[in-house]
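Labels A, B and C are assigned to the chains in the order they are written; within every chain, residues are numbered from 1.
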Amino acid sequence: MRGPVVRGAAVLRGLALAVGLASVTVTATAAASEPASGPASESAMRVLSIGGAVTEIVYALGAGDRLVGRDTTSVFPPQAAALPDVGYIRRLSPEGVLSLGPELILAEEGAGPAEAVEAIEAASTPFVIIPDDPSPAGVLRKIDAVAAALDMPEAGAALSARVEAEIAAARAAVTAGQSRGQSEGIGPRRAIFLLSTAGGRLMAAGSDSSAERMLELAGARNALTGFSGYKQVSDEALIAAAPEVVVMMAGDSTPTPEALFAMPALAASPAAASRALVVMDGLALLGFGPRIGQAIRDLNAALYPAEG
Amino acid sequence: MLTATDIHLSLGGRPVLNGVDFTARPGQITAIVGPNGSGKTTLLRALTGELRPRGAITLDGQDCARLPPAEMAARRAVLPQAGAVAFPFTLREVVQMGLSAGLSAARPEVVGQALRAVDLAAHADRLFQELSGGEQARGHLARALAQVWEPVVAGVPRWLFLDEPVASLDIGHQLQVMALMADYAARGGGVIAVMHDLNLTAMFAAQITLLNRGRVEAAGPPGAVLADRPLSRAYGTALRVNVTPPPGHVFVLPQTAAAV
Amino acid sequence: MVAIAHREAPPRRPGRPAPGLVMAGLALLLAVAAGVGLFQGAAETSVRAALWGEGASLRDHVIVWDIRLPRLVLGALVGAALAVSGALMQGLFRNPLADPGLVGVGAGAGLGAVLAIVLGGLLPPAVLAVAGVWTVPLAAFAGGWITTLVLYRVATRGGRTSMATMLLAGIAIAALAGALTGVMIYLADDRQLRDLTFWGLGSLAGANWAKVQAGAPLMLAVLLAAPVLARGLNGLALGEAAAHHMGIPVERVKSATILLVAAATGAAVAVSGGIGFVGIVVPHLLRLVMGPDHRGLLPAAALLGAAVLILADTLARILVAPAELPIGIVTAVLGAPVFLWILLRRRALLEV
């Protein structure tokens, strides 16, 4: 059985990108560079943050200097990458975590294994689980939970309000574009999200994936349905989907539009005719962190270049 | 005394033994001879309990099928035809295994004595796998010998079952091993051997069973069995005993060796 | 062709050390490994204070008593169980390359674990509440056992187990398990996929006293029972027929070996995932040093397997601290070159 699991590892590398391991273009958002606005908490000065979006929120709250460690998925803002890495979110080493001497651990939902969490809690280190729901409301709940755990209610409220406003503004722009399109008899664009094209095998996002949520938030429709999560899809299914635009994450293995649209599955698609390939930073696009408003705006602009 | 009555056995759906009767007495060598495929080895494997034939086999009055393996191991040792040894065991360790399976297990000096008996004392600490084919055959013989080292224990004979014990040996070691078997028998043990070499068989065996296509062609002392008619019938070619070849042919007979 | 060489004495085998000496050396190695494993780790810890209860901080107490010690004990047990299982399988199949995977226990355990990881969420909540974090280990153990029993049934006719049939059926079952695992990988979401990969690589990261309590009885029982089979496996080295002639209850030895291996490997895989190479390299190394006699080999394999796994786990814990490597990576990285070296040495030996 080892064979298939190891083969699965190649697939996993791609999926890891989807959950936020993507190499990040260095563009610090306004949030990250803003100074701390809330009063610094006296409690929990040594914080370990586990989960890419959680770490981003900690920095956005201005509490980045309290961090003593992070997990593998925490790669934004760039200074986070300099922190000690306690490994993958699902495979934490209890002793590794305790060795950083954290007074508070913020962990995105799904952190584990359970035995590690038990051992960490036995050392009476608070282990706060931050709910993870890939939706705009979920982002706000994440911010509230992190701010509460860090004892920074005011900074939390401010960040929450700002992100909420950014989402609302982005959504308003999206809706405006949609109604403009409707008046011209054009529906939402048919888009697909490709996780990986390695070896000519196309891994795409189906229903209930975070990529599909983002496509919808940005005013597009996922052209691929009938499966959930990220799966390898057949060439014929892609031809049948006839996408008007292809969205991918930035990375070393991202193909050029020429190479991508030379693939038989996409060569005949409307997207190929207009060379419509959108490449975005992975963590911003799929992380559902504080940069979500900007991400919706960017994706929308890239999806509808004419209206931009 | 070993008695087998009306032995029938099929291997892979093909009948190999068709009603064989066989008797062997302690104190002498009993040989099983016959052409290739006549069932010699199969008969020996049936007698050792390795195969379960139809028919009755008793060893000194006891039903072999009912004796547990450990009890059988104390009463008889077996030298199979070819035995590859897995893992780098030394010759000494292999002989030691035989010794520990028998009644002399508490006498470690038997290992050396058994190796001397087969002329391998100098090779005791070599890896079994590194020995030549003939040396390996004698090594296995030493192992079997160590298992039933005393030919008679408490008045009950021990038995050696040997499948072609001299097949891969040079003529010198052939005679040595045959003498060893004869000595074991002379001291009261039973020896049953599948043989190919009819001359050696004639020299050392007291009783011979000649098999032909799974049946007994002839059985009795060498003079009766190794005769023109039964041999010609069994081997499918005209054979004549005690006739020297025409002048000009060279032949070497073990019978001409100095007393061993 | 035979008699020519026999009178001149060939070079004697370089003397093998006495088994007692080897055993003492291995026990010392295990003690050192345990010491290193206990005192080394990602966290600066006052181990002595925690051990003797002299005012150690709660954190140090937890690190020593709830993290390092159970991990040490579990590592020793798993290492010993894997090495002894390997030695048993090699003895049974008369092949130094055999490993417990040959009786399907690896494939079955893997499939069980994968099923539990991917489909575990579909179990009724009541079952999940009872099984809890044990769902995956239990499924792995059950998978290993069921596969082994099926293979055993397939290979056994009229009271005789055919090793060749077992080997071939094992390949078929492994292929089937591989295909089902592939289906599960297709169904899995990204987090489950990550879990699958890590499970396949093995780790002692989840060690705690509950796991020790669950796995120890079975593994200890097998470790204690294995030496009983030593004489039988020695005999099997001469072939099944020869073993039978030497009074060894061959069929009983074979079935006992298979069941012991399934129990030990199943338990080890259940608590630590798949850890490769220990079962092949450890017995092989010991055969080179002390010879193949199973009476010494089996206890020595337990000692060396335990020491090797503790050391490998210590490396896994400190190399990329505060994160850690899956231990299967460490054993493979260390084991594969050693294994190649052994093969090269062996070939030189055979070609001389």
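Heads up, the rule we're going with is that contacts are C-beta pairs under 8 Å (C-beta built on N, C-alpha and C of every residue); 3 or more make two chains touch, one makes a residue touch a chain.
Composition by chain, UniProt nomenclature: A = Iron complex transport system substrate-binding protein; B = Iron complex transport system ATP-binding protein; C = Iron complex transport system permease protein.
Because the structure is predicted, anything quoted here is derived from the model rather than measured.
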{"item": "Graph class of chain-chain contacts, one of line, ring, star, complete, other", "value": "line"}
{"item": "Central chain of the complex, centres being mean CA coordinates", "value": "C"}
{"item": "Chain whose Cα centroid lies at the greatest distance from that of chain C", "value": "B"}
{"item": "Inter-chain centre distance, chain A versus chain C - centres from mean C-alpha coordinates, in Å", "value": "40"}
{"item": "Centre-of-Cα separation between chain C and chain B, whole angstrom", "value": "43"}
{"item": "Between chain B and chain A, distance of the C-alpha-averaged centres to the nearest whole Å", "value": "80"}
{"item": "Multi-chain contact residues (two or more partners), chain A", "value": "none"}
{"item": "Shared-contact residues (touching 2 or more other chains) in chain C", "value": "none"}
{"item": "Partner chain C, residues of chain A touching it in the complex", "value": "1-6, 8-9, 11-12, 15-16, 18-19, 69, 72, 84-88, 90-101, 110, 113-116, 118-119, 122-125, 228-231"}
{"item": "Residues of chain C that touch chain B when the two form their complex", "value": "1-3, 5-7, 9-10, 12-13, 91, 94-96, 231, 234-239, 241-242, 244-250, 287, 291-293"}
{"item": "Chain B - residues contacting chain C, complex", "value": "45, 48-50, 68-74, 76-78, 80, 83-90, 93-94, 97-98, 100-101, 119-120, 122-123, 125-127, 132-135, 140, 143, 147, 168-170, 172-173"}
{"item": "Residue ranges of chain C touching chain A (in the complex, touch as defined)", "value": "41-44, 58-59, 62-63, 66-68, 106-107, 109-111, 114, 133, 174, 177-179, 181-182, 185-186, 189-191, 193-200, 203, 205-208, 211, 274, 276, 317, 320-324, 326"}
